[in-house]
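Beneath this line is the structure, given in structure tokens, with notes to follow.
In this document, chain identifiers A, B, C and D correspond to the written order of the chains, with residue numbering beginning at 1 in each.
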């Protein structure tokens, strides 16, 4: 089974799942699965990403096909929710409770045995600190977000669904949470994170699922997805001295489709980024060109996403 | 556009009662695109409010485009635009009517206001939605309308507070591109954002605040450390590392990513030759760039 | 401009034209205030209430003048169903109360709730400019409400009077200062209070409700308390009859006979006391509103 | 179940903010207040008639439904509006337990407030007449009516933000016009169940007196109790089905 949309030991699976509201088809025939590690869920606004997340949690029922969380449809066997933590995008906090009370409430509902210990641990993990005993109504967006993450983590869930978890947080908090989610992924939990800030998703996740207009647009590791876009050659920016000699020599390579030369800067188009990465050092040594920079310009998740949406 | 600094501060301080929001702030910011970064509560919003003349500093002074922010508030305000982070759009009128109104608020006569509003709305990408009431707008369309009202009167300087908040990737891309083009329109920019990557992509100067103090105010360019090479290796990274060490380089490896530095030879040549000789490839290579994030964390930790 | 060559981005043309700065900003805010109050450039349902009140204020005068023209034997002074200029204020006075109850909140509350003040704070306007201009828009509309029917009647009477149009115009000129003074009194009695309540309340419906409540309950309460003579000093409750004061001053200006249910009269106060109460509340409201907006913007 | 108790207590805390407590507290004192006022002006009328007048005209038809409506409608309504429904539902707890705990929270607040109103009124009556026999009956009657109204308004609050409006329409139209017209429906009317609960426990001369205040066609205390429990069970069952099957956005 080498379909990148599926994983070996899936904990969350969608099988030909669709959802429509009246005439509007929000999600159509999506088959994919999520397993241990961090998976990025991407898609433009209105592409069905939020609907899919709601289906994964069992909040809404698929109009067709099936959704399995740890092998069951959660709504009819809610006991599986002991292992699911959700950080929803909308407000989703009780304004009249303090953060500590809110997290304690989550722990109690999730059936945690030692509520106090779990609450304290969760609040420490998100470094909420002193304001933990202030009412949530007075919280800034960033602090409310961390309270919601703490509430999702308190029951030590195996599956974590994060909808725009970094919304409103400042750079220090962002990095702290990114490292946290990465660590949870490496611990073998299934972390599904949906975010619009792609370089952060790229850093957090080891694979992505992209949804465009309700359909599965791409799945798997970013580099592999980019490679699969054989119709779009890679663009690489190279800085080197004696760049014209290097450019002429590179043109002789079969894998190079084209080179444009600027003073000291080459823009090379190639079908195979890895091969170019191997040839350039050798070729540069032959012509004794001093290469000071070799940067792919459209291999990042952002470029991949732009090509996907424009298809 | 002379080279005189567009924004200056001299021992600027402000305290709300016992809470000190800004303390001893000094800077001279050159024309161009300036990124304002800082943790929550570092004083970013307070600074913007002082520059807009909304708040009066308790000590010190600040100037905007040569005018004192407090005493010449009206002169400042007729030359700047402001994109607030919070919701600020009236919901019951169309975007077109609102942007014309915003132009009038900047003192433009009726015909000029109508003409410029139409140009600016096209520029920010609100072609046909502009004639619909703002009530039904998506976050993306609201952010574009906010930007339109900030530049409709062709200001010399525009303050942007979290301009990409709530946008999807395509919306973010277009907003960042618009911000980068503002320089070409002859408009200076002070953009405040929590996403450091956005600042790196659009700004050429960064003002970093922490706990109400200036942590750093300098150009973004020289954050690059020219004599250390960062290379991501394809293939056997260890062999390449060994080869480099044999050639007398110091190598700091984390997985496929190597940081190579030498005191004697030229590190770039060493890396090139090491890769060529071991037959390994590179995914990316270049001078070690300390990202804004590294500077930020190392600063705010200390 | 320096001699440096600058290539401007294709999609952008810098603005070299005239900039009115503060003056332009105030003019724009003033015009927007009047548009907003009449629902101009807004959805149809926002136009219904204000315009129906306009009709309510102007229709009686037009019908009366039109009617008199047709019958031409109709002697304006004696048989006018509404009496002369003074009495007509009873109609426009009531309509203005309703109008201000809607216009005041419409002028201030949306800008605060929707956060638009942040944009005003980035334009060449001081907080006093903003709130002063909003008040000016309101006062202009209120004055318009009252003066237009008066002018209509003034011309109507003149046209119908037996001793010729122009001589009538001259003879009645002593009415004009009275009309202007009464208009000012009604405006001062209603607009500042509406703006005060619109500064405190956070929803338009609540502000309208509170304004009308304060006016009518105040007057009703005052009337009742003034009756309860057993309670010492109950006559001072008359000062609460807010909607009554302008009518009482109007009676004094046009020296009309004071009607029996005039609370202030029953409490034995002179008209100038009502004028004082109106002025004090107007000044106090304005100070509070200005102070509040200086902190908001 | 610790989780059930946590939901109930949090619901009570949510529904009973300080401001609401004050407003409802004052409202609940209205019947007692009017009762005392009437002693000044209508001294000659017997205290019992004045009490029953309050019970039949103000307490059951107006005070209990309106207070219960506002409290019960926001039990689930607030969760939907604040987006905390997912927080509540994605839990390893049977849907029935969630429904029961939410309903319990709403009833504790609504019945609590209404019992406070009943006690205030009957204590005022007791002070004047020395007879304290009506305190418990009215409290129990008030509790019955609160439970039955809550059974209608808790699920209603989930479905629509305009639950309060619809509820008020129900109170005035169904209770006054429809029930008197179609006496068959009267067994379902929360008003009648409450009054039956009250008259069932009250001394019988009070029950007789109640007849000419419109207290006709009352059932026995047992029937009223049975109906209250039955209606509550149906309501909790309905909410459970909704939580299990419907899309929760």
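Going forward, contacts are C-beta pairs under 8 Å (C-beta built on N, C-alpha and C of every residue); 3 or more make two chains touch, one makes a residue touch a chain.
Keep in mind that what you see is a predicted model, and the values were worked out from it rather than measured.
Undergrad: Report the chain whose CA-based centre is farthest from the CA-based centre of chain A.
TA: C
Undergrad: A-D or B-C: which has the larger count of contacting C-beta pairs?
TA: Higher C-beta contact count between the two pairs: B-C.
Undergrad: I'd like to verify one number: the distance from the centre of chain B to the centre of chain C, where each centre is the average of its C-alpha atoms, in whole angstrom.
TA: Each chain reduced to its C-alpha mean, chain B and chain C end up 48 Å apart.
Undergrad: At what distance in angstrom does the C-alpha mean of chain D lie from that of chain B?
TA: For chain B versus chain D, the centre distance works out to 58 Å.
Undergrad: Give me the residue numbers in chain C that touch at least two other chains, ranges are fine.
TA: If we look for residues of chain C contacting two or more partner chains, we find none.
Undergrad: Assign the assembly's chain-to-chain touch graph to one of these shapes: line, ring, star, complete, other.
TA: line
Undergrad: Which of the residues in chain D come into contact with chain A in the complex?
TA: 2-3, 6-7, 10, 13-14, 17, 82-84, 86-95, 244-245, 247-249
Undergrad: Quick check: in the complex, which residue numbers of chain A touch chain D?
TA: 54, 57-61, 74-76, 78-82, 84, 86, 88, 90-97, 105-106, 108-111, 151
Undergrad: Within their complex, state which residues of chain C touch chain B.
TA: So the residues of chain C touching chain B come out as 2, 4, 6-9, 11-15, 17-25, 27-29, 31-32, 41-43, 46, 110-111, 114-116, 118-126, 297.
Undergrad: Note which residues of chain A are touching chain B in the complex, please.
TA: Where chain A meets chain B, its residues are 42-45, 140, 142-143, 167-175, 196-200, 239, 273-275, 277-282, 284-285, 290-296, 302, 305-306, 309.
Undergrad: Tell me, which parts of chain B touch chain C in their complex?
TA: Residues in contact with chain C: 1-2, 52-54, 73-75, 77-78, 80-82, 84, 86-93, 97, 101-102, 104-109, 112, 116, 119, 122-123, 133, 149-150, 153-154, 159, 181, 184-186.
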